[in-house]
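Can you read through this structure? Questions will come right after.
First chain written, first letter: the chains are A, B, C, D and E, and each begins at residue 1.
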Amino acid sequence: MSGQQINPDDALYVDMYIAKNSQTMTFIRSSYSAILGLAAGTLGLTNWSGFIFYFLGSAFLSLLIFLVKAKGNPSPYFRQPLDVFTEGVLGGMLSYILFWTLLYGIIHVYD
Amino acid sequence: MGAWTVLQERQAMLLDPAIRDWVLIPIMIVMVLVGIVRHQVTVLLNGTPKKADLKSARETKALQRGGILRAHGTHLPEHAFEARKTFLSDAFEKGTYEKDPNASSKPKGNVMQDPAYVETMMDGMKKNMMNIIPQTVIMAWINFFFSGFVLIKLPFPLTIRFKSMLQRGIETSDMDVSWVSSLSWYFLNLFGLQSVFTLILGSGHAADAMRDMQAMSTMGMGAAAGPQMGPTGQPADMHKIFLSEKENLDLTEHEWGLENVEMRVLVKYGKLPRSVLVDYKKAKSLGSASSQSASSPSSASAQIAAAASSSPAVTAGKKKGRRQV
Amino acid sequence: MATSSRRTAAVSSLSWRACISVLLLALLASTVLALEEAQKGVIDWHHKWIGTPHLTAPQRTVRGSNTVFVATDKNTVAALRAKSGELVWRQVLSKDETVHDIRAVGGNLLTLSGTSQFHARLLDAKTGQPLWDFSPAGEGSIPELNFGQAVTVTSEDSNLIILNQGRHVRKIGSKSGMESWHWKAEEGSATTYFSVLEAKGFGNHEHVVYVMGLTRGVAAFQLEIVALDSQNGNVIKSFNARSSISTFEDVLTLGGGSNGKNGYIAWLENDNLKVLTLGTDKITQTSLKSFQAEISSFGDLVSKLDFVSLRLPEGHTEFLLSGTVGEYHDARSSGLFDIDEKTGRAEALFDFGERTGFSTYSATTKPGTDEVVVLRAFRGDSDIGVLELVDVNTRETTLQQQIPLEYETFAHFTFASLELFSKGQGVQTRVYFSTSDGSFHAYSDIESERWYREESLAYIKDVEFVDLPERKLWTQDVNEAGHQKSSRNVTIVERYLERLSSHVLQLKSLPAFLISYANPSSLFTKAPVAVDYSEVQIGAANRTIPSLYRDQFGLRKILVFSTDKGKMVAVDSGSKGQIVWSRYFGYGHDIKDVVVVRQANVRLPPVLAVIAETVDGGKNRVTRMYRLNALTGEDFRSNNFFFPSSAWIPAGYVATFKVPIEDPDEKTHVLVLVDDRMHITTFPSTDPVQQAFKAFSDDFYFLLKNKIGAKQLKGFKPIVTADTDRMDVEPTWTLPFPEGEEIVAFAERPSYEVMASLGRVLGDRGVLYKYQNPNYATVITVNKKPSHGGAAPYLTVYLVDVVTGTILHQATHENVGLNRPILATQYENNVVYTFWSEGDSSTSSKGYQAISLELYESRVRNQRNKDESFTSFAGELPHIISQAFPFPYTPTAIGVTSTKAGISAKDILFGLSRQSVMSVNKRYLDPRRPIGPPSASDKEEMLMPYSALSDDPRMFLSYDLEVAGVKKIVTAPTMLESTTIVVAYGQDLFVTRHAPSKTFDLLNEDFSKSQLMLTMVVLTAVMFVTGPMMQKKMLKELWY
Amino acid sequence: MTIAHKAYLKPLLHAAKYPTVAVNGVLLAEQGSNKVVDAVPFFHFWNSLTPMLEVAMTQVDLYSKANGLRIIGYYEANERVDNEALSLVGQKIADQILKVEPEAFALVVKNENISSEEIAYIPYQYKEGQWRANKSAFSSPAFALENGSSPSLVVKSIREGLFDKLSDFDNHLENVQADWLANKDIVA
Amino acid sequence: MVNAAKLLQDLRASAERKPDVVVRLGKPLIDSGAVMKLDADAWLVYEQVAIAALDVGDDVLAHKCIQALEAKFPGSARVNRLNGMKFEAVGKLTEAAAIYKAILEEDETNVLAAKRQVMLLRAMGLPTDAISALVKYLDINYTDFEGWLQLADLYLEELMYGQAAFCMEEVLMLQSQNHIFHLKYAEILYTQENYQLALKQFCRVIELCKDHVRGLYGIKLCTSRLLKSAPSKDATATSQEDLKAIDLLATERLIAVYSANGAASTKSISTKWIECL
């Protein structure tokens, strides 16, 4: 309703770049989760182990980004520093499940 | 769920490899293809953003203006804000900015005769079509082609509720729900492939998005939209809209974002304890009208956060010379 | 569909409904037709067997017959194509219609049959349909005695004179089947007539029919002959020939055949051969000793001689005498005799000498002449049989033919029939013969016209399914073949490398696969077409069986049948049931059980254990065990000393159990044999096995002697005595049934059973937990004539826990129909049984009833007994839901489908008296089917409202085939969960594949890959078209 | 009034560095002599706002005092090529200087002459109450180049991209390392 | 080559204006024709290079680019505008004007053309006309903050600080995050001698961009002024102690900055300056 207080942080971010970053994130995430899925399928993980695997995997990825890309300080690249760990995780989940199922099926269901 | 999963021991079944070769993989391929084609066709179908005439552009911009004032007025000092507020509100009232100021007086004609409206309507329909048709078609296709057998086993359990849906056409009650028929494979693809699409089309796509964004931010282009549409797609009565906007404006209390800027700066440089800000907030919220108090805690924390994080490097890097003639 | 609904939307709801229903019906019909057309003979095959012939009648002899008529001990009369042996037609008579005699009359076939009800039928030679059926009411035949039925053809008007029941003589028009006259011996006479013969009359009597009979005297029988006027059947005279005859076999009727010729009757009376010329009282007598002059081999007879009938047509007087010789009673000598017309005295013609083993004789006349030729068939050595022809006139052997006839598979001749016919100048010989293994053969001068039918398959007793070994890359075999391999700890890396290498090897087949995936021919798949075949080809020596490897889905198996005849026949379920191997276990082998002790695995062949009972010289029962290689039928010889290919126990057989212990060396399952000394023997009986079994034996309970007709049920368990390796069984409990009840049906859980789910999900997502007792059995008893209360016989069903003997459930059905089949089957927590209900006034109507029981752990949903693993001693009683359904047909056999993981729905399979196999989905026999209108949750559970069984043609697995006398239905799982192999046998053998809940794991043949490919191609094309267009468009939008 | 090469060079470099915008600065002469020895470039963002101007002026003042110099004049180069008028702002600033230095003057860069042999300045002087362009100033002895070949040299140094080394107050404010006062890198 | 394209794209993305760089990167691309490799982007590169070329006055290159674009998109307004710009560059302003006019007749909402037109007027040295045109333009395309900036500059040239301030306010609403705008606004305020507000704005600048020297100077100025002047009565005004604190802070920061990195001379001067305030 009424004009919100100024959040000085906004100043630090250019929407364009934020968008770009998050896009890159999703890009990485989706490809990575697809690969994760393939791996999980090949390993024949099932039930929780599969999901845990995914979350561990994506956590690892986030860590990589966090350490290597963001040099341990994500705030320059994301509105919330936590975005590194959250962004696109659930989105990736779906494709993870898809590929997980696919390879699990091909390898462990069909002969 | 519990009860059911207890029931199901691990069920091993051999499936005909032909199913894999001729159904599992083909469906995936087809879905990908369809996805791509659909994307292309949608791009082809949705009409070029049609040139709005000055008036309507002005109209919409004016409305935006109101909105912006409400949203970002906080950056303005008191006097500037008030001046604009008064100006806009009576401009809206008078309908200075409306396409044809006497529109409200003349009776509403059949919307269908408004070409702009019809066109936008068509666009919307086209888009919907592009979303709905392929899906329904594929679904029907799959139901028709690949029914009556199990396609794959999901590596995770599902509740019995899904059984009727996922095992349509399989005439046994004892089969574990995680064995699913082609339809559910289709759904899996439908959701799972989204990110794959961003990979396939994505790059080009993203670039597009970037380009558009840039175009907007620099050239103020693209914002030339058609006439204001109500949620129903009815070209709403502009005058009403303006009036409501005016009311919003009138309701807006100005709150200046720089009131305590010095304090903030001091805090930022650690000259003052962070608590000061909070106290300030309290004092303010006590002092001022209750309408502010709603927004205050959030902003308080925001400021604290603000004070907390600071990274000149980035801004300096990205801000350099964002001017263009 | 859509159009119709739209159209009908306007019309009134009623017509709408009609419309839809019509539409649906149409759909259904079409599908059904499609189904029948597509499936019949593709996935199923059907052998029509007739049994082992004991009577033949060539259609016509002069120029050779196209078809030969046979009658078998399966009460079947059939016509076989003489050249090929294929079945032209057959008449399967009811169980009590033993065929006494068949005879070609004017090109058609006359049969005399029936025990309780006598039938004389004239069957059409082409179709086998009866032209007329003469069955005098209330007249049967003499029970347990093939005696007292005879027929002869009058010479002048070629009508029939038929004797039956040893008392009635009738003249019947061969065209019409009308009785022209009827003579019967007066009630209560001690005379049994056994033969009728037309022969030269006496005095002024021209047309005389002599009726020969034996009158029971104090010590022996006396001959009595009645002469009837063949015109009107009046008694002319009745003679009484002075004679004392010990057995029926010692009498023979000869000659006659027209009122011009003499008829004779010859009999053996203490060391004398007497001959009476009919119409006179002249009796000649020759001492058998005197024949030794001509027939030297009679010299050292060790038994009395007896007649061997040559089944010559009337008018011929040659006959055969044979007796056992040699100190070992193992040889017979026989001589050919004739009766001199003038003297009426028998004289020896030819000495067949003495032969060890059996000899079978048959005789016929040379075409166009009256000269008699006698056939003698006997076994030469272990793999040839000899056919010997003797010309009576020249009194010398005209032919001595050796034919291949392995003893291992056929053993001896049991019946032979000679047929001579002229072909061009020469004379053609054709010999039909049965062998002791039950098969029926034909020998002919022409190589191509020799054939044989494996008729032993009409006597199937039991079947075992043998999976074929799998073709695989060795890298994988080693993993799965030997447990030792996996137990030996191979490092991950090794494993990985192995796997890798195997994959690399598999890569070789990749291009082929791709090609198959791409090549157009594979795209256009046509539904496979049924190929026709005959039972003869099945056994044909020059058959071609595709190499014995498992197919992709394990649909192809070897069916090993054990038969009543003591023969084992292995049949390829895939290629129309061609015989893979067959093996005959010598005389007196009563095959009790066949067990697959080792399924095929990549390295080692599958092994069968055959348990049979024989009787040795001292009349002691001996149990024998053989181990065969299931792929070849030969003895399975392992180099291991402890594994002899055969073994025996000096005691009678009681039961065999395949226990879940595996012998470490051979990877064979251990067999446990219980003999009538109540001892247990294990096969093999090496120490480790013994130890293992002793460990296992603590919780090993079983039933014994649960024979039909038993009055009680006994539970046993092994008692391991510490000292020796000998183990005994002791009864743990006994369950005597109430007075007058005896077991009529018995069912145990199928040998192969996997429970897919522990419970049943109700409409409201609640769960009823299945009763999981693995060792309960179903016993059905009948009290035929209850002493107390209503005299109507009643039936009781007991569900008994085999371990403790507790009765889990008991139900009684009043006034059931006796001597109607009562069947029961059980699986998982279901029991289904059928019986005939005479119907009591109130509730049920007359007819067959199918009762379905379901056992649950408790009546309360979502409640199960505490401990996960079931134990019988907990003694929880199941909660039982039951429902009765009227069953529209007469069931003769019952079975239930079994699939690999038990996931697919169960079908109850019925063999029906209408010669077909029917499958009823359990959903129809679901006791939870709501009687009233179904409630919401019922709908959710997809329960159909209660109704009688619909007869949907799709329920008949055997389409319109005539599967004769289905006695048992056995099923075996395949690797495809959806599919089970159904074997129905009795007289016929019907094997098919069945998917109770459709083949949900198989891509149906009519799946059009071409369309799929097309779709993909089109899409790709579109993509490549629209792609650039889109690019342009986007540029345009950017720049204009 | 003679203009040393450095003084001549810097403004032009300043203009060359920011060809598309207006730039300005001040000229320094030695105490007690008419030799314009140096120039100090001020702004290229915007030059019409006082605060930074104040700062700049005072600092330059301090600087010149420290180095025995005095602010003698003001220069500017217009955004538009053909615009050779002294802008309003320019006049104001010039006035300020005039208050202190009676013979203060202003130079407006003659854009088209920058890359030619011509002298690239139009001097303005305060006559009868307003600033007048003195077209012929350089021909008259009133103004003279200390080094006659300055223009050609300038062209040369612009070609060499010498202007990259030049930094003005705006640069300085963005990065305090930039030595806007002395611009030592620019050697005459 | 490729990374050149990449760089160009980045430049496009962050609308930085480095004509020389662009030309240096773009020229080889275009001359070698390698530009066509990046298909859709090629035309953007052309446009970019064209503009840059115009800026650095490489008319040949510009012409080449525009030629290529015209060949590809005949009659495209966007390309036409480039033509216009070319004319401008070579000073044929009237032709340019004609072109823009044509475009606008074609499509009256063509923002680019409209803006170019304004710039043209300005270039023609008709500030007042430019202003009026721009006002008209902004009345329609309100959200175009660049327009407002332009207007502000125009006003400044005319020393009409009030109007300029107004424009900057608009800009601030549209682009509240850019400290430069705040700075400009602050300086305008200062020029208007509204030191109170100016101070706050300068503070804002510092808040947005730490240790922004210009901002610090600004603060310093304001505080010194305010401190000198009598403490004002009104409530919103900064309290004296705050003023002092801020003043102190500014000083401290300035010194810090200079001592951190700053040429000796400038440092001494600035310190002197600070002292003598």
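Rule of thumb we're sticking to: contacts are C-beta pairs under 8 Å (C-beta built on N, C-alpha and C of every residue); 3 or more make two chains touch, one makes a residue touch a chain.
Nothing here was measured: the structure is a model prediction, and the numbers come from that model.
Student: Return the chains shared as contacts by subunit D and subunit E, ordered by label.
Tutor: none
Student: Trace the shortest chain of touching neighbours from subunit A to subunit C and give its length in steps.
Tutor: 2
Student: Without subunit E in the mix, what are the joined groups of chains?
Tutor: A, B, C | D, once subunit E is excluded.
Student: Using only alpha carbons, which chain's centroid is the nearest to the whole structure's centroid?
Tutor: It is chain A that sits nearest the middle.
Student: With contacts defined as at the top, give the pair, B-C or C-E, that has more of them.
Tutor: B-C
Student: Give the label of the chain whose average Cα location is farthest from that of subunit B.
Tutor: In terms of C-alpha centroids, the chain at the greatest distance from subunit B is C.
Student: Among the chains, which one keeps its Cα centre farthest from the Cα centre of subunit A?
Tutor: Of all the other chains, the one whose centre lies farthest from subunit A is C.
Student: How many angstrom lie between the centres of subunit B and subunit C, each centre taken as the mean Cα position?
Tutor: Averaging C-alpha atoms per chain gives centres 75 Å apart.
Student: Averaged over CA atoms, how far is the centre of subunit A from the centre of subunit E? Could you give it in whole Å?
Tutor: About 38 Å, centre to centre.
Student: Calculate how many whole Å lie between the centre of subunit C and the centre of subunit E, each centre taken as the average of the chain's C-alpha atoms.
Tutor: Subunit C and subunit E have C-alpha centres separated by 101 Å.
Student: Quick one: report the Å distance separating subunit B from subunit E, using the average Cα coordinate of each chain.
Tutor: 31
Student: Note the residues in subunit C that touch 2 or more other chains, in rising order.
Tutor: 1034, 1036, 1038, 1040
Student: At least two partner chains per residue is the criterion; list those residues in subunit B.
Tutor: In subunit B, 13-15, 17, 19, 72-73, 75, 210-211, 214, 217, 258, 264, 306, 310, 315, 318-319, 325 touch at least two other chains.
Student: For subunit A, what residues touch not just one other chain but two or more?
Tutor: If we look for residues of subunit A contacting two or more partner chains, we find 6, 8, 11, 14, 16, 20.
Student: Taking the complex as given, what residues does subunit A use to touch subunit B?
Tutor: Touching subunit B from subunit A are residues 1-9, 11-12, 14-17, 19-20, 23, 26-27, 29-31, 33-34, 40-41, 44-48, 50-51, 75-76, 91-92, 94-102, 104-106, 108-111.
Student: What residues on subunit D touch subunit E, complex-wise?
Tutor: Checking each residue of subunit D against subunit E gives 19-20, 46, 48-52, 54-55, 58-59, 62-63, 66, 80-83, 87-89, 172-174, 176-182.
Student: Using the touch definition from the top, list the residues of subunit B that touch subunit C in their complex.
Tutor: Touch residues, subunit B against subunit C: 3-4, 6-9, 11-19, 21-23, 26, 29-30, 33-34, 36-37, 39-41, 43-44, 48-49, 141, 145, 148-150, 160-161, 169-176, 208, 211.
Student: Give the list of subunit B residues in touch with subunit A in this complex.
Tutor: 13-15, 17, 19-20, 24, 28, 70-75, 151-157, 188-189, 191-196, 198-199, 202-203, 206, 209-210, 213-214, 217, 251-255, 257-258, 264, 291-292, 295-296, 298-299, 302-303, 305-307, 309-311, 313-315, 318-319
Student: Give the list of subunit C residues in touch with subunit B in this complex.
Tutor: Going by the criterion above, the answer is residues 517, 552-553, 755-761, 765-767, 862, 900-905, 942, 975-977, 996-1004, 1007, 1009, 1011-1012, 1015-1016, 1019-1020, 1022-1023, 1026-1027, 1029-1030, 1033-1034, 1036-1038, 1040.
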